[in-house]
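In the two complexes that follow, chain A is the common piece, with chain B as its partner first and chain C second.
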Partner chain A sequence: MNKLWMEKRNIALLIAPGLVFILGLILLPTAVALYLSFTNYDGVDYHSVGISNYAEIFFHDPIFWKSLRNAVLLGIAFIALQHPLAIFMAILTTYTGKWERPLRIIIFIPSIISTFVTSQMWVSLLNVQFGLLNRMLTAVGLSSWKQDWLGNPDIAIYSIIFVAMWQGFGYAYLLYYAGIKGIPSELYEAAIVDGASKWRYNKSIVLPLLSPVIRINFVLAIVSGFKQMETVFLMTGGGPANSTQFLGTYLYSKAFRDGMFGYGNAISILFIIFCLVVTLIMNRLLKKDIGEF
Partner chain B sequence: MRKLISMLAIIMVCALVVSACGNSNKNSGSSNAGTSSESASASPSPSASPSGEPGKQVEFKFFSNNPDRTGGQGLAEQKLIDQYMSENPNVKITVETLSPDPQFQDKLKIYNASDKLPDVTMMWGQKRYLEPLVKNNALVAFTKEDFAGQGFIDAAFDAFTMDGKIYGIPKNTDFLVLYANKKLLADNGLELPKTEADLFKITEKLKSAGIVPIALDGRDSWPLALLFDAVVARKSGGFDLYHKAIDRTGSFNNPDVIASAKKIQDMVKSGMFGDGFLNLDYGGARNLFGQGKAAMYLMGEWEMGISSDANFPEDVRNNFIAIPWPASDDGKGKTTDLLAWFGGGYSVSAKSENTAEAKKFAIWLFQKQNWAKTVWENGITFPAQNYDEFKTGKETQVQNDLTSILSTSTVFSGANSQDLFSTSTAKSYLDAITEMMASKTTPEKFAEKIDGIAEKSHKEMNP
Partner chain C sequence: MGTTTKLSARLSRMVLFLGLAVVVILQIFPLVWMINFSLLKSGDFFGDALLKWPDSFQWVNYKNAFTLGHVPAYLLNSAIVAVVVIVVTVIVSLMLSYVIARIDWKWNVYLSGLVMVCLIVPIYSTLLPNFFIFNKIHLIDNYFSLILPNIAFLIPLSVFIFIGFLQTTPRAIEEAAVIDGLSLIGVVFRIIMPISKPVIASVAVLAFLNTWNEFIMAITYINSDKYKTLPFSLIQFTGQYASNYGAQFAVMTLIALPSVILYMLFTDQITNSLTAGAVKG
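== the complex of A and B ==
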């Protein structure tokens, strides 16, 4: 039996379907996209235009750079706001005794509801005339704080970032929570015997042991900031006046609304490159061996 | 023995995987992309009827953007197709539908590239859709005599005419109006606006009452461009300005454009469209008005159906009227200048063996007792033909208002500005208007910017 699995021919045979899958559905389309990004493909025919699509993006397309800036902004918001809070909540819930289970469920609920539903819910909550938020502000006498949350080009992006953080919070929390639960209880007992406070235990033992989880979560956060599409698409569609455009929504509108597939492909190629580079940098920055436990 | 069984198992798995792949390929090959669907209509089958009929058996395809065949324009199409087939048993018409419009337009491009254009197809009277087909000699040319006596509005053919030849038959008359809730205005001691200055007065009064003066769909941005056209037309006293700016015999960088942009920014600042209209979508704006939270609603004639929409309170429906966009304060822009265009129609393929039969059908379709009568009597839309003789006397108030707006107009715009731009610049133009309305740019910079876009569009369309 063992010998059967060792034979190279058999191994090749077994990984072939997966390999064909990756080749056919990821690498090949990427190669086609790369090729088309050098053309003016409009859905029917095309001819080569050299690097003019890229030149246009780099030198004459402020909306592309705005999309990129929004994506980076979202990634930073994830890392600077969402994740510290998620780690804090994850540590806190382990001390809540019988409330641990229900809390865990409540925190995770937003992540299991379809993005479509939660996005529409937030659109209603943030509606300028009939939204709950503005009504509540009026009710407590703060009507001067009322805002056009999604219709004001200066504010809309922050509303989007807030909602995206809210939607992703459950997953971030769950990963940290699982990480904390995976720390052997001996460490806790040993620390307590040595006279460590809970604060000290969490700071000097839990956080360092959590760092592989934090690392992977940070990478995921940055990449999901780049990939953000559906929440924006459903809440503002990239508007008003392109103020909430993200790479995904911009790429979609260029390719499928304006029929400029060549240009859209050029954006998608840059999109892939940015994601790869960011992942590489993040991995380098956060590389630190923490040893076995 | 065990080794043999394992090997067999692997082979089985592989066979399964491979066969599953092969199968799915075959399926995807035979099914249509997107939401496209083909359906033969239930009517006398010509192949079953005896061959005693004169004329050979013909079968051709009708490509429509109305998937709903039981209501709206889809119903009108289907009724007439069925009628034609029962009158001509040797003809069988298959219907293919695809929605929404951008997908339809994409498929049309693909059909054109592969020379397989359906015999009769929905068409838009815009250069960017029509030109590639005409260049490819894919469309049959009609003459005005084909439709003599059918009551067509003369200008309706303009959008479908290239180099003096008519490549499509216009089906609707679209025009921009201001719907109003008569009672809501009267309750606040207000009269219908006659000039743009009246709009500002109404705004002031209604704002303190917590009512949105004009519901406007700002998220889709095309209604904003229609508003821009209307205001520019009033300011400059006609529609020449943008027509000339787009064909580059004139310019958008013009004092009238700057003044209009400034006026629109003032309208926004005064709260004429309510807070948050830039993120209000089509249904949202329609609801705001329909539920009596807005006094007026800026939209095309096709929203006349609100008067019979059971989702809205009777109070609103009974007080639902339509008025033209108000005149300019100095009287230069009159209410009889109407922003009207003929957006949709049908074309016939020139590259099919049934071209002659399909052309015959298309001409029959637009005999006035067919298309014009059907759409008017069913309250579906405004035909591009005279429909006076089909009036039933049971028209709603708003249907009558719209009729009088249309019939008293002396100047028609032809196209609206956004339709005249090339595919890739149309979006930039709409974005620029949204930016201007969000006060992210000054009127002067806005005028400069859209003039640049018009220049780019002109270059793309006339290489």
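== the complex of A and C ==
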């Protein structure tokens, strides 16, 4: 029996395709990026330049640090604004009876639609002259509040953060909603029998039991701040004046706008390292034992 | 006293529902707006109304979307890429996760470690090196340049979801099958695959959404009209047809529609697959 389970050849056959994909399309490109990051590859030719790309990034590239800062800013916005609202909404939804299912579906719909579509849509909504937002401000007599939402370097990053929070809200909400639904209903009944109010029940039972979910979601939120690329790419492309660069868009503009592929690859490597390190740190920071339920 | 508490309870209830309504409207309004403008004349875009009932429904926008935006051809390409990605991802991930979940051998630690690390690696960090590699081996500008990376980056998450499922299913049937002389490969395809149908649906939907919505690799790797996917339909409207807002909104609606319909049909599977990793911890 044990011998049959240990059929080495069959095991190899089962894992080979998956390994080929992982090695060939994740690890190999990473190795190639590492190699090219030590060159001055410009799309045509290259020779080794040692660590000068990395030296340049660390000591002479304010835009790189700006894109890191933007990533952190977005992560903080997720945790400080988007997630508390998502948790609150998720708890609230469970009290809406027959509206529960429609609400859940409606809130999640923006997340299911391509970033490509929703980003284009927000570009139209935020258009300076014809955008809905500026027109609404005029309509209610606040035309002095009108802004060039995506063209002003001081404001563009906040517009991006807002849209990114909007796009990701349904997903954050759904994760918490599923977490709350996973709490056994006996706990609710017991709490109510013991005379706890709904508020007290949510504060003292739901939130603590939800904390493993909250922990994972905070990690995911911070990492997704770092991974952000698509929304920015479509809405501002990192501009104006590089004010909205993120790591993903920055490596893209370095490679395809400035033709500095070697430099772009160095950013790619740092991109991977930052994502790994941030995940590790977040996991450590938030690690805490929670009782089973 | 009793009436005051009742009143304040009702008041707080109203405030809560009002808050709920605001968030719901904020989430859904832009989409309603998009569909609305896909049925209006392009000139209406500059008008004052938030939403406008069309004087006459401008179905011509959808016709323009199809012709100017090349929707049918690009839709077919998107579908081809999505189908291949889904089928390969499901089969490859199921095989790999079966080994990790069920078989006791010393390499499992490294195998699952590798999968976990790949789960964190951002897909766009491979954009430049893959561009370089694909150019060298002439994989650039065809279906494979989209299919292969999409599969590779879906495998870690899918394996994660499959393992979670396999850990909750009993081994008894498999053991019986092995005693009856079924090989390991046979077990995976004849026993595990049929009982994994619901979780396969979840993984498939996840793979579909990721592939359908991906566009950065598409615009980086694809040049020929022959292989362009749906997002390019919208890009067609950035140049000479930029002021044709009606058709642009029609294209956006057309890209969004399949995802929304799929979501309506498979709400529970999608919820399960999206929340599988994060909720379990």
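Annotations for the structure displayed:
Operating definition for what follows: the second predicted complex is superposed on the first by the 283 of 293 C-alpha atoms of A that agree within 3 Å, B and C clash if a C-alpha of one lies under 4 Å from a C-alpha of the other, contacts with A are read in each partner's own complex, and residues count from 1 in each chain.
What we mean here is this: a contact is a pair of C-beta atoms (placed from the backbone, for glycine too) under 8 Å apart; a residue touches a chain by one contact, two chains touch by 3 or more.
These figures come from a predicted structure and were not determined experimentally.
Look at A:Ala164: by the touch rule set out above, it reaches neither chain B nor chain C.
Once the two complexes are overlaid on the shared chain, A:Pro17 sits against chain B and chain C alike. Shared-chain residue A:Ile91: touches no atom of chain B or chain C.
Of the two partner chains, chain C is the only one touched by A:Leu103; chain B is not. Touching more residues of chain A than its counterpart among chain B and chain C is C. When the two structures are aligned on the shared chain, A:Tyr252 is found in touch with chain C, with no touch to chain B. Judged by the touch definition given at the top, the superposed model places A:Asn242 against chain B, while chain C stays out of reach. By the touch criterion defined above, A:Ala156 reaches chain B but does not reach chain C.
Residue overlap on chain A between the chain B contacts of one complex and the chain C contacts of the other covers 1, 4, 10, 13-14, 17, 256. Residue ranges on chain B touching chain A, taken from their complex, read 2-3, 6-7, 10, 14, 17, 102, 106, 109-110, 112-113, 132, 212, 218-219, 221, 274-280, 293, 423-424, 426-427, 431, 434-435, 438, 440. Those residues of chain A that touch chain C in the complex are listed here as 1, 4-7, 10-11, 13-15, 17-19, 21-22, 24-30, 32-33, 36, 41, 85, 89, 92-93, 96, 103-110, 112-118, 120-122, 124-125, 130, 132, 135-136, 139, 166, 169-171, 174-175, 178-179, 182, 212-213, 215-217, 220, 223, 226-227, 229-230, 233, 248, 251-252, 255-256, 261, 264-265, 268-269, 271-272, 275-276, 279. By the touch criterion given at the top, residues 1, 4, 10, 13-14, 17, 42-45, 63, 127-129, 148-153, 156, 236-237, 239-242, 253, 256-260 of chain A touch chain B in their complex. Residues 16, 19-20, 23-24, 26-28, 30-31, 33-34, 45-46, 48, 50, 91-93, 95-96, 98-99, 103-105, 111, 114-115, 117-118, 120-122, 124-133, 148-149, 151-153, 155-156, 159, 175, 178-179, 183-185, 188, 209, 212-213, 215-216, 220, 231, 234, 245, 248, 252, 255-256, 259-260, 262-264, 267, 270-271, 274-275, 277-279, 281 of chain C are the ones that touch chain A when the two sit in their complex.
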